[in-house]
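Chain lettering (A, B, C and D) follows the sequence in which the chains are written, and residue indices restart at 1 in each chain.
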Amino acid sequence: MNASPPREGPDASPAIGAAGLDDPDRARALLWQMIRIRRFEEKCAELYSAGRIRGFLHLYIGEEAIAAGAMPALAERDNVLATYREHGHALARGVPAGAIMAEMYGKQEGCSRGRGGSMHLFDASRRFFGGSAIVGGSLPLAVGYALADRLAGRDSVTACFFGDGAVAEGEFHESLNLAALWQLPVLFLCENNRYAMGTALARHQSQVDLAAKAAAYRLPSESVDGMDVVAVARATEAAVDRVRAGRGPMFLEYRTYRFRAHSMFDPEHYRDKAEVEQWRQRCPVETFARDAVACGLLAATVRDEIEREVAEEIDAAVAFAEAGTWEPVEHLCHDVYAREVRP
Amino acid sequence: MTTQTIAYREALRQGLRAALAGDERVFLMGEDVGRYGGTYAVSHGLLEEFGEARIRDTPLSESTFTGAGIGAALNGMRPIVEIMTVNFSLLALDQIINNAATLRHMSGGQLSVPLVIRMTTGGGRQLAAQHSHSLEGWYAHIPGLRIVAPATHEDARGMLLAALEDPDPVLIFEHALLLGAEGTVEGEPHPMELDHAAIRREGRQVSLITYGGMLHKSLAAAEQLAKAGIDAEVLDLRTLRPLDDAAIMASVAKTHRVVVVDEGWRSGSLSAEIITRINEQAFFELDAPPVRVCSQEVPVPYARHLEDAAIPQVEDIVAAVHRLLG
Amino acid sequence: MANLSRDTLRETVIDAILAVAPEADIDALPHGRPWREALEIDSFDFLNILVDLEKRLGVSVPESDYHELATLEGLLDYLEKRLAA
Amino acid sequence: MSEFRMPSLGADMESGTLVEWNIRPGERVERGQIVCVVETQKGAIDVEIWETGTVERLVAEEGQKVPVGEVLAVIIAEGERAEGEKAEGEAAGRETPAEPSIPEASRTPSPHAPSPRALDVSPPVPPHAAATSGRLRISPAARKRAAELGLDPADVRGSGVDGSITLEDVERAARPAEGRQAALSERAADAHAAMRQAIATAMARSKREIPHYYLGNTLCVEPALAWLEAHNAERPVAERLIFPVLQLRAVALALEAVPALNGWFVDDAFQPAEGVHPGVAIALRGGGLVAPALHDADRLAPDAMMAALRDLLTRARQDRLRSSELTTAGLTVTNLGDLGVESVQGVIYPPQVALVGFGRISERPWVRDGQVVAARCLHASLAADHRVTDGALGARFLTRLTDLLTEPERLWPT
């Protein structure tokens, strides 16, 4: 990887790329997942512009390698918590695209019955616990999930995704400290896309080496090239194994970049177009597809097959969402309490 | 059935012990609940009895240990989180309000947070403005939370047990001045339901509507009023959210006069909420404008005479009733 | 109402008078003497007694008949007559 | 800042006992509002205030005997600033304990611990301006109950917060001749003795100081009675006029014509009254006499006058007169006809300068058109103060009065 853009922090572990794989099925699955997330989100942007999706819409485009690479490392019994930029995580975790799209439409067939929207995707059956719009707010929950597993004697791992902005929150520090103190099975997964909304890392952190922060709480930590899906997968697998083995929590930093604005309504005054263009050269989908073909892992035709499959799935998801129904307003106050309560 | 006379903190401890013994999923977590024996000695002896896994001392990280309680509750446990005072709970406000109160609804009913958070509230101990406030009314504003304020010894242990059976987050407010007060309990701890207010004294002429630490001042005021020939009813709300509207309106329909005694400040308060509901639901039962006895609108000061002046006292309640009855 | 006995009627009238003049000693009234002067019933009291009797018996006494009410017996006769009508 | 003082409710009043305050510091008061009850030798009087403002403080305490002219309360007029408001701000009215009690070293927290202060933690909130408008102050429950009982709440006296009408007030009003009357009967013996004393003082002064002269006239009231009968025909009993309404009206109109009889002799000079408010002498059952003013008797239509008289008689007998009613009459009218007497030679109530007396209506031989006929007649008399008027003026008044009662259509000319 020669085209590595400038970095504020120390270098991540070396890139691996498609050459690091020998299983064509795995390569296809990774590419499929990344393309699926990419196309799904592009469709979301289109539907947002058409007024079908409302609220805030935060797109993951550029960062797909992380969800696609990391999620397969987790078992069904593990717990996943994510941020408000979590469409990719939900898709990668297996939440049906139709249920996600319907949620963004606000339909009751949505994965949160239309109560959450883009930022609050939930699927308890897949142990996908959101979907949180409070930066740093899900880290303490992750500690609690892990504590419960520990107390109940289960070997589950709790994976908690968050961004570089969250490391400025007190809850990040409290949570890393408590998880390390109690040696809980939490995997802290930091997607460092270099901007907390519009504020560059160096403009909000005195120490831009995030792994060093984790180390201060005596968490083993590692920084990974988040644009390299294979590197992400390898590092995450190793971390999951370590945490599952009962060796305490771990911190992983994925160095990545979002290609699109923070949300749909963001003129991007805070970064140069040249910088964005430079990172686009490292697009995780394109680089992986190119390398996988180049090293003979995938046939040149696979890309088109995947695109067709994905287009079909997304069309079906949109149709599902369009056909979805509105929950009756009489149900407005349902699910505030388990029992019907008149406050 | 045996009657015991015990301190309120002992009643709380009996409730905790019964909960820990009765359900493996229950554990207690908070600052100094273990080796120290609890800031207010409520959990004294429980570490030895139940071990470090279930009586967990935490760092001074209110947000994270409260959030961890929520996470553990989401993941099948029945945690009891102890926060030292209501003022400190403000550090955990994000977790309580953005997570505990919202997750069931935001997930479309998929998630459940069967968490109990206990904290002390109220003034009267010369602890000044960062340890003495009564913010339970604030929490009672939040849909998704259940707010309870046990004022009697039976409720102190029994409402905790009932709270643990509740599938939703329950915040228990224990008035600090009650901790040392003695009272009686009957037999073994048993769950005390969380849905209804209780008439602690029957009366015909005026309803004193109150809860928590103010219950005892209201009862003392009712005693004084009785000597002056005024027959006051005292209604203990017990649960501040959801409010037992039926009990409130029934009392108003009986006495036609209301004094709400609330240690919280009056502006934008629980007392305001109660009186508004009375106006909405029992307007034509009112025979005089409703009256409030609340704390003065000042951060609670340290000096004894000033603190006493800031917080409602028995004579304030008596005076309010006299004023109301003309 | 028409079957009201004389005694019941008398009691009703006495009640109406006592409501206005609670201290009145009606038993001490000399038979056949004007009762208003003896009981210090002024025109306002008298009006109130008539209002009361109207409420109790449903009999409205026109002003032109006031002269028939000068004695207690006359008042009772008059009411009996009106009730029977 | 102004002082609200114990009013003089009569020349014979030296002091009164403050029975009850209806106001509290911080409250707004309106001109004409009844602010306290004062027990006088004439009974309990509702005392009105004549200034609009805010109660700064109450000086006299309930139960205190206060001489006439002494300060009862301090009032801040509208727009004025309260005493010390600038310096103390919100703390005005609060007392800081001079010696704050020293907390015990190891105070056992107790919810029952006595507090060392004398503060009102819940200061009375001044009623919103809208609440002090002309709207009736009645509790919602009382309003509902009054509607159930078919009672007009305007007729009910309020005893609740800020003088509001309560449920109990309505219930009490629905039980006639009970309530306050019963409460007052406990001190009736004392009150009657005091009243007797007051009457004795006033009448002795009258006979000692006032050179009375007396005039009298017998008049035929057949036309007046016919007018009354016609007016009352077809009306339910409760809405009928009584003859004294005509008498008072005639007095009022005659006074308009001869204003020298309407006023007071004060400091060796006649001071005319400011309106026509004849005092109505009312004998109280059980003894005693009061003579409250019937306000603006020259301006009331027949039914309004009857209503005003009914109100006055009812309240007089319930010991509920207002202070203004005891100080404004410029002349008194006494009617002893119902008690069977022919004529009255009245004693003037000082410092008034005249008194009109009416006797009984009875059948007399009367000459009409040269024929002696039986006709119902009435004797009217005037007692007047010779220091102020002479017989000629008195005669003009009495003649006028006679004419008006003889030709009743002139009482309320259309």
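Criterion: a residue touches a chain if its C-beta (ideal position, glycine included) is under 8 Å from a C-beta of that chain, and two chains touch if they have at least 3 such contacts.
Since we're looking at a predicted model, the values are computed, not measured.
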item: Dominant interface by contact count, named by its two chains; value: A-B
item: Chain closest to the middle [Cα centroid of all protein chains]; value: B
item: Distance from subunit D to subunit C - Cα centre to Cα centre, in angstrom; value: 31
item: Chain centre separation (subunit B, subunit C; CA means) in Å; value: 67
item: Whole-Å separation of chain centres (CA-atom averages), subunit B against subunit D; value: 55
item: Gap in Å, rounded to a whole number, between the CA centres of subunit B and subunit A; value: 41
item: Sites on subunit A at which at least two other chains make contact; value: none
item: Subunit D: positions in contact with at least two other chains; value: none
item: Residue numbers of subunit C (touch at least two other chains); value: none
item: Touching pairs - complete list by chain label; value: A-B, B-D, C-D
item: Of subunit A, residues touching subunit B in the complex; value: 79, 110-116, 120, 122-124, 129-132, 134, 137-149, 151-152, 158, 170-171, 174-175, 177-178, 181, 334-339, 341-343
item: Contacting residues of subunit B [partner subunit D, same complex]; value: 124-126, 175-181, 213, 216-217, 220, 256, 283-289, 291-296, 303-306, 308-309, 311-316, 319-320, 323-324, 326
item: Of subunit B, residues touching subunit A in the complex; value: 27, 53-54, 58-59, 61, 63-77, 79, 94-95, 98-99, 103-112, 143-144, 146, 166-168, 241-243, 245
item: In the complex with subunit D, residue positions of subunit C that touch it; value: 19, 21-23, 34, 36-37, 40-44, 46-47, 50-51, 54, 60-64
item: Interfacial residue positions of subunit D with respect to subunit C in the complex; value: 176-177, 228-229, 232-233, 236-238, 240, 242-244, 283, 285-286, 309-310, 313, 335, 338-340
